[in-house]
Structures are given as C-alpha cells and as structure tokens.
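Next, two complexes with chain A in common: one pairs it with chain B, the other with chain C.
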Partner chain A sequence: MSTTQTPTLELRNLEVAYTVRGIDRQVLRDVSLSIAPGEAYGLVGESGCGKSTAAFAAMRYLPRNGKITGGSIIFEGKDIVDIGETDVAQLRCSAISMVYQNPATALNPTIRIGKQIAEVFELNGASKSDAMKLAQESLVKVQIADPERVMRRYAHQLSGGMAQRVVIAMALASNPRLLVMDEPTTGLDATVEAEVLDLVRELRRDTGTAVLFISHNLGVIRNMCDRVGVLYAGALVEQGATTEIFKNPSHPYTVGLLRCIPRGGLHKSTDRLDTIPGTPPALGTKYEGCVFASRCSLADDKCQTELPQMVQINGEHVARCFHSDKASSMPRSIEQIEYASQADVRSVHNDDALLSISHLSKIFTQDGHKVRVINDVSFNLGFGETLGLVGESGSGKTTIAKLLLGLVSPEEGGVVTLDGKGLAQTLNRRDVSDVGAMQIVFQNPDQALNRRHSVTRIISRAVERLRGFSVDDSVVRAHELLTGMRVDASLHSVRPVQLSGGLKQRVAIARAFAGAPQIVVCDEPTSALDVSVQAAILNLLVDLQKKDNTSFIFISHDLGVVRYISDRIAVLYLGRVVEFGTSQRVFNGPFHPYTEALLSSVPNIDGSIRKRIPLTGVVPSPSNPPSGCVLNPRCPRKAGSGYETLCETEEPNLTEVEPGHFMRCHIPVANLKQLQN
Partner chain B sequence: MKDSTNSDAKKVVLAERLAVLKKNKAFVVGASILGFWIFCSIFSKFMVRFDQDAMDFESINSPPSLKYWFGTDSTGRDVYSRVIIGARIIMVISFVATALGAFVGASLGLIAGYLKGKFDMVLMRILEAISAIPVIIIALLAVAAIGRSSTVITVLIIGFIFTPNVARTVRAAVLGESELEYVAAAKLRTEKTAHILFREILPNVLPTLIVEFTVRLGYAIFAVATLSFLGVGLEAGSPDWGTQVADTWDKIFTNIWWPTLFPAIAIASVAVSINLISDALLEVFEL
Partner chain C sequence: MLRFIAKRIGLSLVTLFIVSMIVFVMMSIMPGDLAKQTLGRDATPEAYEIWNKEKGLDKPLVVQYCVWIGGVMTGDLGMSFQYDQPVSEILGPAASKSAQLAIVALILIAPISILGGVIAAMNRGKRVDRILTVGGLSAAVIPEFVWSVVLILVFGVAIRVFPVSAFPDEENPNIINRIYHLLLPSIALLFVLFGYISRITRAGVIEALDSDYMRTAVLKGLSRKTAVFRHVLRNALLPTIAVIATQVPYLAGGLIAIERVFNYPGFGNILMDAVVARDFSLLQTAVFLVGLVIICFQLIADVLFAVLNPRIRQRVTE
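And then the complex of A and B:
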C-alpha cells in the first residue's frame, strides 16, 4: 500500500472491552490496520473473535456495555474516538455506511421500500420528490429489475437477495467513503450470494468506496478483498495482501483455518480433515504470551510467556508469531482414529438397497393454494452409503427428510421401503425398531436439545425408548455413547446451554445414534458451526459410518462439505431431483445446467478463476411452477441449445445419461459436455 | 434424573437468577411487603393483641391508641388484630383460587397449543366467551343459584374466571415451543403425547407460567376483597379485609375512618407488592 495517500480508515492499537457483570472483559487487543481509499479489506476469523466488534468500533457504534479502552480510530486523518455524538451521527450519515448480515431485520417492516431509501437521501438534503427519484435510480444501480414495483413493496415481500440489494442501495445512498459490510451474504443461497458479491465488486469499481468486509467464509474473502486481516481472540494475528496470505499463510492459526476446510477434491475415502485442537478462549481471557499458544502445535515456552510482535514476512505481509517461518510446514493436526477402518471391507455400490423411496410427493396447503413442494422423488440408499442432498433454500431438502422420518406423511402413492419392508406413512404407526432405525441430526442443536434436560437424560431417554433398556442401563449406555462422541465425562450431567456449539452437535449426534440406527439423516449438521469445529464433526461422522456401516442422508448447502462426505449426490430444484449420480460424476461433469450454475457460484479458496454461469431471475414459487422444464426461465444453457420449445412445453424425465448418472434435461448430454468445455 | 450434579447445575442457574432479582428494587420492595404479610398469616396467633372477635363494649369506635393500635370498630373489636388475622384468609383463598385457575388453564393451553387445529379453535372460542363475562356477574349468579356465599364458591369462581387468561398465555408459548426440533426429536423416540406435553414442553414454558401466576395472584387479592365487599364472597362477619371494609365504610362520614382505612391499606399493599414482584419477574425472565 502506498503511504502517500491518507488512509480512509486507520485503527491504531485499538483496544475494546465489554463490561459483563461489572467486570471489563477485553475483546479487541492492540488491533492496528488501515484501509486505503478504494481498497477492500477483509477481516476473517471464527465466531467470537471480535470481527463484528471491530466493525462496530470503526463506526463508533458499540453496544452500551462496550467501550474503547485504548488506541485510536482515525477516519480520513481525524481521530474519531473522542468526538461528540452529533459529529458521530454526521459521520454515519454522510461518510460511513454499514450493511448488516440479516437484510430481513435491517429493513423496517412497516415502511415501503421506496420511502425507506428516500429517507436517506432526504437526510442528506434532497427534497421529498427528488429523494423518491434518487431512490428509484439507486435501485437501478443495484440491478433490481422493475424498481418501480419494488419501491411500493414492504420488506417481507422481497426475497433475501433482493432485500440485501435494497440494504446496499440504502448504504450507498449517502455516497459513503467507507462501507462496512458485516457478513453481507451469510444468510443467502450460493447463487444469490454470488450475484450480490458480483454487484458489490462492480459498485466498488464504479464508486471507489473503501470497504471493510467481514466474513467467516475464507472463499468469499479471497474473492472480494485486496488485503486480509486474520483475527483470533481479539488480536490481529496475520495481515497482508490476499493472494499472499492464501499462498503463503504464516501464522499457525491461518494455516489451520485453511487446512480444515473441505476443499476441492478431498473425499472422506482418502482424506481426513485437519482440525484445530482445543477451543477458542472465553471472552476477556488474559494473556501473558501468544493468544493462540494453547492450541498451537508449534508453541514452545517462549510462546506461553512472551507476547509476539508482528514479524514482517514479505513486504507488508506480517504475522504475529515467533515461528512464522515454520507455520506453513507445521505438522498436520489430525485426530486419532480409534478403530480400524472398515472402508475396504464393504462395497459402496451394493445392489441391495437399504432404503428405497419411490414417487414421493408432498402438497402443502398455503393460504388456500395447493403447493407441491416435493414432486415425484425416487432414489435408493445403499448400506453404509452417504447420499448428499443439494439445492438452494426452498428446494425441498428438509421436507424430504421429514417425509422419510415420518414426521410428515407423503401423498398417495409415495412409498418408503427400509431393508425390504414398507414403512407406515406416519411416525406413530411405525414400529419402535423402524423408528430407531432412521434418526436425524438437526441443523440447530440449540433447538434440537431440550434446554431443560441434562445431556445424559436427553440421550438415556432415547436409549430407553428405542432400545427398551431399563432406566439404569440406558444411563450407562448414554455415558458410553457420549464418551464415544468425545464428550468429556465431566459434561455429561450439565444442560445443553453450558456446552459450546460443537459439543452440542456431538450430543445431538449421540442422540441420533442412541437407537442403533441404520440410517441417519444429517440436516445441515455443520452450518451453524465454525470451520474448525465443522471439520471435527465431519471426521466424527465419517468415523461413525466406518464403525457401524451406518448410511447417511446428508443435507447441506455447502457444496465443499457435501462433496467431501457423499458417495452419491442428488441435486434438487423446486422439489424435483434434477441430477443424480456419484459424487465424482456430479462434481466433475458433464453437469446439469442447474448444477453447473450452482457449482460456479461457490467462491473457492484455492483462487482458481472459474467462469460464473449465472442463473437469471428468482426461484419461481412452487405454487405456480413454470410450464415445461421448471428450470427453463432461468436455465443458462437453454438459449441457443436448439431445444427451446421443448424446454418450455414439456417437463423432461430423469434419464440415465451415463452409467449411474441421471439428469432431468432435454439437452443431450453430449451437447452439454461440449458447451461446458 | 438421579444425578446429584444435575441438581447442582439447577442450583447455579437459580442462584444467577436470584442474584439479578436481588438487584431489582421493585422486586425487593414487593418481596418485603409480601413477606411481611406471609409472616403475619403464618404467625398471626403470636402477633394479635386481642381475640379478633372479642368485643370491648367499653371502647366502641375508639380511635387508634396505645391499647388499640388501629382503633376499634362499632362492636368494640380490635381493628389491628382483625387486619392481622385477615391476612391468612385472603392469602390462602387467593393462592388456592389462582393455583386452580393456573392448573386448569395451563393444561388447556398446553393441549390447545400442541394439538392446534379444530380442538384449539373451539376451545379458544369457548374461553374467549367466558372471559367476556364480568367476574361480579358470575359471582352474583352463582350465589343467587346456590343461595348463599361461601369460601369454596369464591375459590371456584375466581379459578374459573382466571382459566382463559392462563390458557391463552400458555398456549402462545406452547405454539412457539412445539415448532422447535426437540419436540420432533421426542416424537422420533416414540414418546406419547402426554410425555411430550408435560415432560418436554411444560418445563420450557414454566417461566411464562410462573409470571402469569403472579400477575393473576395480584388480581385474585382484589377479586376476593371485591366479592367480600359486595357480600357475595366469604361468609358474612368473617374477619377478612373486604368484609371489614364493607362493614365499616359508611362510618367514614361520621369521621370514624380507622376501621375502614387499615384493611383497605392492607389490600392495596398486598396487591401492589405482588404486582411489583410480577413486573420484576417479567423483566428478569425477559418475557
């Protein structure tokens, strides 16, 4: 970075503390960074590391119990730590804007979109009628189709991606010199995320606004930012140009983070994921030495007692580590496997299906309309196999899980067969053994574990009901299960609220395994977790599968995770299976046009440039699906394929295009292959 | 669970809540006043100075003095002793009546919120109809039908009247809870509906229920006093506060204010103290 220019934002030795129960707990330690005009600076780290606090501090917008205890925040050469409230308000009004994580709550639900945006212009001195005009222009700028209609809508009538565009339009309305984006795409689907990120990139090019971009997603950071800072426990541990950091990570934490992501090509059959041992420190823990020492495999006595300073690695690439030269070659951190792998004993492609579902459909009634959320879904699942279910929100992934488990009953004609035996449609008509044979790990362990019961009770009750054990025996078995999930014995009697996210999910997994299941449905089991915890949970699931030959149905929107853990994959769109095949086939192509678009929208961490295949428009409502192929209005391969009329009039069947690879597309696979090369 | 550590964990959670409550001024004031009246109703025997029914014909309608702290009424009975004795009556009746309403209301609310659908629809309409009738009218009708007023009838009426409010509050909480995944998890281990309702969901809506109970208790104090005042509550001549006010209020115009004022203050102080406590609970449990 050239130093001749005054940076837009500079944090110098910033220290922030939160007062919790009367004690000041330090959350940011000696954070120094600077963002040049027009630059995008990414702040990355796991939950609780202080990313959002840094963002709020930069805007002088800390919660009431937060305070700046040291250092300075310099905005365009002026220290804003001690300026008055009115000056801060003026700054936020005209110079700094923020885009929040959840667009649904960032917009006022009672004010029409147009008026909300116009308010920002009015604040900056525009007249009422001008403000409305400017608002409409700003919607055009964020590429909203039909801005006039959107202006008259309310927040709840917009999709997530649209709402986030509106929030961005509002943030840009004041022509800010600094835009703070706090996880702006975290709640969005991959294809929508890609579009929003494209938009932000374009706007940045046009306006030259400096951006402070906060994300836990390394792929997004890599694709969006010029420079990156890695935060751990409130301290900046590494900083430098994005390409440099990803190419040559020099702090053990950064190295660990990059290693534990299930990235391109890794598969459970050959690779075990790295984890970062231990847990992040509690809020406000005091340190003598390095903040990361307790979890670092390179740490020695010096790291425990002496605070490392930033060491220059290469130009402006700095790392706060005594052993930065050894970081990239540090030993891999893989958990011990406690039992012999049986992977080679069994064959994945067993002809006898353990589970087979055929012609499963589900119609929900919504405001008097019949909505077909699942449309004629059929597939088989083998012994010890993992089937990945992939699709954007609303594609019906979770509904399929509920249909299988009997929590929701399918329409007439849908059959679920387990091990050759037809299952009753509803849960209360199934045998105990059938119920125990198919269990689920829910997405959100906070909701899935009863917060009023102890961990042991949650598990032992399931053992008692599903295995018919006596109360005492089931408690013993519960302890065994929990220990098997590596939940420490000292935690067996606590309530879920006292556990970390990863431990809660381990308890939820233990509960799913309480009835000795043949099939476990994993519904986004790691999407609420940090990447290092995610890696440990995925390893655990793979171990359990190898040990008991359990089959998994793995639902996730994270394609890297699905690719790592799945043997076969079903891609869903609007309640239909559009592509089905082995993990290899689905990820290496030839692709179904939808899968192609989905895959191309994922920001990857290896930095390879892929051409993005955009999906235009929005996901149509399942209550009024398009005629012909349901993908046709958005299909990236329809135009020019020569099959346009067919696509628009007739729904394609799921046909086998290659051995073991099925697609629902009119365009012959040979043509697709050609287009995709 | 038999785990001793489990109950330890519970104690820790409770201790944290209590620590927050202790800092709440409204709660401290409310709890002190209510604590005083609870103390009175338990140890009234040792606190009274005279038998509450003993008549001192020497000093009828005598104003507050060192002998009769709150003065005497028109039959020469010690007002202080009657107020102290009255505490137990009103507290026990209000508590039992509220407990009855809370029990029936919570059960109905749990079932309605969990089953949803037609049962919920019909039940809630019936409960709405009940809550549309004023307490006094129901009490008058009941007394007229039975021919006399009594403690049991008062309890039943107040419990009946409170049922819809409790049911509605509990139902709303259950509606949210029953969507959570732990309920689906319970179904997936073949639990019966009763277990899901009372062992899984009820513990999670208990804070809501406790707060609702305290709010209702405050109203119950007023309701008991009002019914007694109107002569359709407890048996005539009983030393409860409502009846005392009813028996003496007309003397206020002859400047004999003490037999009315002290029981009135007692009613107000209990009602206010319970309201202070329920406000504090609402704040602490963030409902």
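And then the complex of A and C:
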C-alpha cells in the first residue's frame, strides 16, 4: 500500500457501543485500519468479536440499539460518521456496496430477481427498460447460468451459489469503490465457495474495487486478501500483510487461532489439537489491560493492568502485545485431561465389523416424481473406528445418517446390521438397547436440546429411557456424564439457553452418550462453532473414542476436520459412494475425479498454491440423474481419458483399486495417478 | 394453479357436506315438539299427525335430510313454518342487507386497521405504537353491542349526527343514504376488529422490517420510505389479508347483536327470530348458508394467499 494515495476507507479510533438493557456496551474498541483503492483487507476473528459490527459501521448501518461513540469513518477523505440519512443513502447507492452471509434471505421473496437488481440501476438514474437490460448484463458479468431465466425467477428458486451471485451482481451494479463482504461464502458448499471466490477475485481484477472482507475462515482470508486484521473482543490485536501474518503471527490470539485448525494432514492418531483456554468475554466487558490477557498463556501482571499499544513487528506488521516476540513460540495449549470411563470397556479393536450396512437405498417422492436420494450404499464400520462422510449438499450424507438411526426406513433389500444383529428398519420397532446403541449429535445444539429442561434433566431423562436406571441413579449418571464432558458442576442445573455454543454441544454429546452407545453419528457437530471451540470438541470426541472404543460416523463439509478425525472416509456424490478408503488414501491420492475436485476447492490455509480442478455445471437433480456415470457431465478427468463413451453410457461399479481403497470410476487408477501428478 | 383451486373447492364441498349433516342433526335433536308448538296444546293428536305429514316430519331422518339437501341444491329452500312463506323469500332480502352492512364495514375497517398496524410497526416501541396497540386491544375487549349502544347514545341521541337506525325509513332510499345509515354500526365493528387486524398487520410489518431483504434494500441505497413501500408492505400484508378474509363471514354471516340494536333487518335478526320461534326449516337453512359463506371466504383467502405468495404459488402449480 502506498501512503500517498487517499485510502478508500479509513477507520480511525472507531468505537461502537450497543445499548443493552439501558447500559452501553462497547463492541468496537479503538479500531483503526485503512484500505487503499483496489486493496482487499480481511478481518478475522471468532463470533462476537465485532467483525460484522465493523462491516456494518462502514456502511453506516448499525442495529437500532447500536451507536458510534467515538472515532471516525473516513470514506475517500470524508468523515461519514455524522452525515445525514440522504447522504448515506446516496453513498450506498453509488459508492459502497455490501454482500452478506445467507444470500437466500437477503433477497426479497416476492419480487422477481430481475426487478430487484434493476432497482439499483433505477436509483442511479436509468430508465425502467434500461435498468432491466443492465440488470441482465450484470448477471452475465457474474457468470450465472441462463441469466435471462434467472431474471424472471424468485429467490427461493435459486441455489445458494446462484443467490450469492445475484447478491454480488446487485452489489456491483452501482460500480462501487468499496465492497464490504460479510462472510460471503459461509454456508456454501466447498465447490460453490471456490467458484464464488474465483468470481470475486476476477471481478476485483476487472473493476479495481477495494474490498473489506470479513470471514471466520482463515483459509478464505489467506486466499482473498492482501492485508489482514485480527479482531478480538472488539479490538484489533494484530494487523499486517497476509503472507507476513500467516508466516509470523505475533499476537498470542492469532497464534492460538492458527494452531486450533486441523490442517496440513494432522490426524487424531498422532496429533492433538490446540485450543484456546477460557471463553471469549461477554459483550461490553471492561478492560484495564490487554483484552486477551485472561486467556493468554504469556500474560503477566503488566498485561492485566496496562493497555498494550500496537508494536511494530516488521514494516506494516503490527501487534498489540507486550510479548509479541515470544508469541510464535508460546507453549502449546493442549488440554490433557483424564476422562472418567463412560461405560464398560468393550472388546478391543478387531477386524469384525461393528456396523454393516448393505444395499441401502432410499427413494423419496417429490411432487409425484420418485427421487432416488440414496443409491445402493454399502459399507462396514469397525469397533472404535471413525468413518467420515463427505460430499456436497444433496449428496445424501444426512439421509444415510437418518437411515442408520431408523428415522426413515430404507427401500426393500437394504440391511443394517449392528454387532451381528439385524436392526429393525424404523426406530419405533427397535428395542431400547438398539436405540441406545446408536445415537446422534446434531449440528445445531440450540434446536436439539429441550430448552425447558435443565441440563441435568435433559441427560437424566435419556439415561432413564435408554438404560432403565431409576430416577435417582440416572441423575447421578447424568452428573458423571456431564463432568466427563467437562461441563462444570455449577452449570448442571442451568437451562441450555444460558450456555455458550460449545457447552451446548458438550451437553448434546453427553446426551448421545447417555445410552452407552456403540456408535455415535455426528452430523456436522462443529460447523456452527468457532475454531477454538471446534478444536476442544474434536479433542473431546477423540478422547471419548479412546476411552470407550466408541465408533463414530462423522459427517462434515469441512474436509480438514474430516481428515483429522476419520480413520476411513466415504465420498458421496448424488447418493452414491464414489470413493471409499482410509483417510490417508483418500486425501493423498490417487483421487477419484470428484474427490480431486472437492479437495482442490478448499482454500488452503498453508498458502501453497494449488491448481483448482473445477467441477463444471451444477449438481444434477437426483430425480433425473445423468446416464452412465452420474459424474460424467461434470467430470474433470473424462475429456481426453479415452473412456468417454463408457462414462456416458455405463455406470461404473465401486471397485477395489488398491488394497482397501475403492473407487467408482471407469478410468483405471494408474491413468488417474498419472494425470494427477 | 387450477388444480390447486379445484382441489380446494373439492375440499370445501366435503366440508360443506359435513356442515350440512351437523346442522341437520342438531336441528333434529333440539327439544320441543314442533307440531304441538305450532298448533297449540289443545289440538287433537290427529291434527298433529296431519301437520307432521304435511311438513314431511313423519318420515325417517335420512329421508328428511335428503329432501332438505336435495331442495337446497336445486334452489328450493322449503317453506318457513313460522311465516308460511318460502324460505328463500325471507332469507334473500336479509342476506342482501347483511352483505351491504358487511361491505360498508369492510371498506371502513380494512384500510384503517392496516394503516394503524403499519404506523404502529414503523414506530415500534414509541408512544404512537403503544397508544395504537393498547387502545386497539382495549377497544376490542368491549363487545360490539356495548359499543353500539354507546355510539347510539353519543352520536344518535346526544349530538344527532347519525341516525339511530341502520335502515332508512323511506321507500327506495338512495345509496348515499343507505351508507350513511350503516356508518354507525360499522364504526362499532371497527372498534371490535381494529385491535385484532392492526396487531396482525403490525407483526407482519415488523417481521418484514427486520428481514434480511429489507436490510438489502436499505443497503442498496433506497430511502427508508421507498424500501418500506416496495419491499416491506407486500410481504407484510400477506398474513393480514388472510386474517381479514376470515373475518368477512363474521361480518356477513349475521351480526345478531348489532342488527338488533340498530334495528336492521339482516341475516342475524332472521336467525334470532327463527330460534325464538323454533322455525326449524328456516333456521337450518340459514345456519347452513352461514357455513357456506364462511367456507367460501376461507377458500378465497387461501387462493388469494397463494396468488400473492410466489413460494406457495409455485408449489401449487408444480
């Protein structure tokens, strides 16, 4: 960044407070940053640290109870903190635009897409018919398929990726000089995320727009931004060029964040994840010293009482820490806690399968059409083993979980065998011990826990039902379980609403373990959690597995997490297993073409440049799958492989290409290996 | 869409059939001997028998039901026991009167209540909101006949700006005069319904104001006013329209108390008289017609809701 240029956006000592129950609670503390024209600036941090508040403050759009209590927001040299509503509206329609998380709800459900985009052009003075034309052109620019049709559609008729393209088209319609992107790809599939990020990158190259990019995903930030700022508890704790920050993080919080992430081939068998001890502060906590001191292993008395200033590390790289020189070498924070045994230790790992499913299929009827969402899936799960299920949304991951648990019944011919015993197809026909033997942890603990019951009650009820304990015994057992999940005794009598997301998930896990399960299905258990909490939950799951020899079926869209925790992995596409093998094999290759594309779309946190293997087109509807191999219209390896006709006419079988490594592909594995090197 | 409407009409017909049975069964288990009541206690048993035979009351219930429902379907509503007149000649004019009252009331109530709800939502938490919400709710807990009496006393007796009767005395009154006479009862109904409808509107508008798409609209650079008009109202008024449509039968199906107080010869008055006189042939047809009106408007509400909401519209067209 050259210092002679007027920055597009500059926040100078910005302070924002929310009024909650009559008290002002500070959410941004003395935040100063600047974004040069054409530059992409990333803001990272965990939930509640003030990222979105900073983004909305830049748009001059704070919630009703929010207000700017100090500092200035300078847009192209002009302070916009005190300008009036009309001027703000003028800025928004001509100079600053925003793209947000959750594109589906960001579009008006009752107005056609074309009209919603055209509105922006009309605001900028275009006539009605011109605006419609321009709107269609803007859709072409964001590379949406069939723009003409999209114009006439409603929001609910678009997929997540398409909706986000529409929102981006809308944001770019005004030719903004600043684009604020608040978690623009969170909630999208990895492949879609990669496409959207590619698009943003291209558009930025073409338009030279400055970008304020907010994300909790460090990999995305690393790939998208020139400079990064790390926010903690509303304060900017570190800032600098992206490569520099990732190479030489100098604030203990940044270091902690980077260490929490399961990446670079870490695996539960050899590596334990770091966590950040403690919990983030409540909204508006007052500090005398460093905001991070209470969770920092380097903190001393000075940190508690004196506010650290930004220290220069290297050129523009600054950190707000007294001990920045020691940060990168700070001791690892690994919680090693002996867990009380959850159940009688069962037979040790052996070759017999604990769970075996064969020829599982599921057909749903949708608007009179039969949709085969699961097509002939078979696999085994061993004692104490973790099987990871990965695939894009709609690949059938969750349906498989539901089939296993008996929440939906499989089609004729599908068999689920647990420990040598065939399970009834539906839950209400399974006996209590079978139900207790297989339990689930959901993505969203908020919705999974009964909020009218205390934490103890939630668990003790499950113990009562699943193990037939008396009321008193089950309460005792509930306390044991909760303590085992590291839920503090003082929290056993509270209701779920009073717990943080991580604690709620611990309670949900305790509930799943109430029936002394042999298998726990984890459906995206950490997707809604911050990385530091995610690390703690993953550690917990690994410990529980070691202790009780419990088996897991682990569903996640986060490939790093799946790789870390899984022994074996099944890659699903359109309800079929396309690749199956050990975690090692699946992630190190040779890859199935679909797996290859999926892996290459994940933004790499290590900064190594990897060529993205794009999957062209959209996921076909399972109601009308392509003939031949279901992947063939999108397959990155079909063209030029010499097997095109076969791919288009005949569905390949799942065959063992190497010992213990299965693939559903016509192209011989040797050829794939060659192409992928 | 046509399939959806056809399906809904089919369901409505089934409902209507069930309603007709319930009405009929209820009428037949009501206590009291019709013949005795009509002819008096002193008539001979033979006279009762002849009377019953004449009215078809000696036949089995199933046959009676079939005769009645067959008549209703072919437009022959039978004879009133009480007036010895065809039921259609009694109910027809009354229904038209009730419809007039309902239309006038609706034209008054819908815009005012919706406006009230929108204003309350836009000023959420402020004094205007509290006055509208609390005021509307307080007004709604007072029954319509109390409002009617109060309104008559204030505007009909104390300061004579409105007539105390809802129906003009003169022959062939003109339309202005008719509406003028209907205003006071409509205002009474406004007091009863305002709190309810404006509250639903308020909730809908607040939901839309807090929505992500409203945020998008504002961040696009639309002024708040334009954003509210273009993006909030349509989404917010969906539930309101459904609620209003469900209130129409209440207005059109006989406002017994109001019609009594304002001396208005509508459906409600006929119903009341029929009950008092145990004029079952009139009563059962009248109650059945009220059911018909309710079902029709529910149908209209459903279709309207589908037409306005692309999400439902699409689901029903697929």
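Keep this in mind: the second predicted complex is superposed on the first by the 664 of 677 C-alpha atoms of A that agree within 3 Å, B and C clash if a C-alpha of one lies under 4 Å from a C-alpha of the other, contacts with A are read in each partner's own complex, and residues count from 1 in each chain.
To be clear about the criterion, contacts are C-beta pairs under 8 Å (C-beta built on N, C-alpha and C of every residue); 3 or more make two chains touch, one makes a residue touch a chain.
Owing to the predicted nature of the structure, the values given are computational and were not obtained by experimental measurement.
Contacts of A:R495 after superposition on the shared chain: chain B is touched, whereas chain C is not.
Contact with chain C, but none with chain B, is seen for A:Y61 once the two complexes are overlaid on the shared chain.
Shared-chain residue A:M170: touches chain C; no touch with chain B.
When the two complexes are overlaid on their common chain A, residue A:K611 makes contact with neither chain B nor chain C. After overlaying the two complexes on the shared chain, residue contacts for A:L405 are found with chain B alone; chain C is out of touch. In the overlay built on the shared chain, the residue A:A462 is in contact with chain B alone; chain C does not reach it.
Once chain A of one complex is fitted onto chain A of the other, the partner contacts of A:K286 are absent, as it touches neither chain B nor chain C. Across the complex, chain A is touched by residues 1, 3, 5-6, 9, 13, 180-182, 184-191, 200, 203-204, 206 of chain B.
Residue ranges on chain C touching chain A, taken from their complex, read 211-213, 215-224, 230-231, 234-235, 308-311, 314, 318. Contact residues on chain A toward chain C in their complex (touch as defined above): 59, 61, 85-86, 89-94, 97-98, 100, 102, 105-111, 119-120, 123, 154-157, 167, 170, 174, 367.
Listing the residues of chain A that touch chain B in their complex gives 405, 407, 427-428, 432, 435-436, 439-440, 442, 444, 447-454, 456-457, 461-462, 465-466, 493-495, 498, 511, 514-515.
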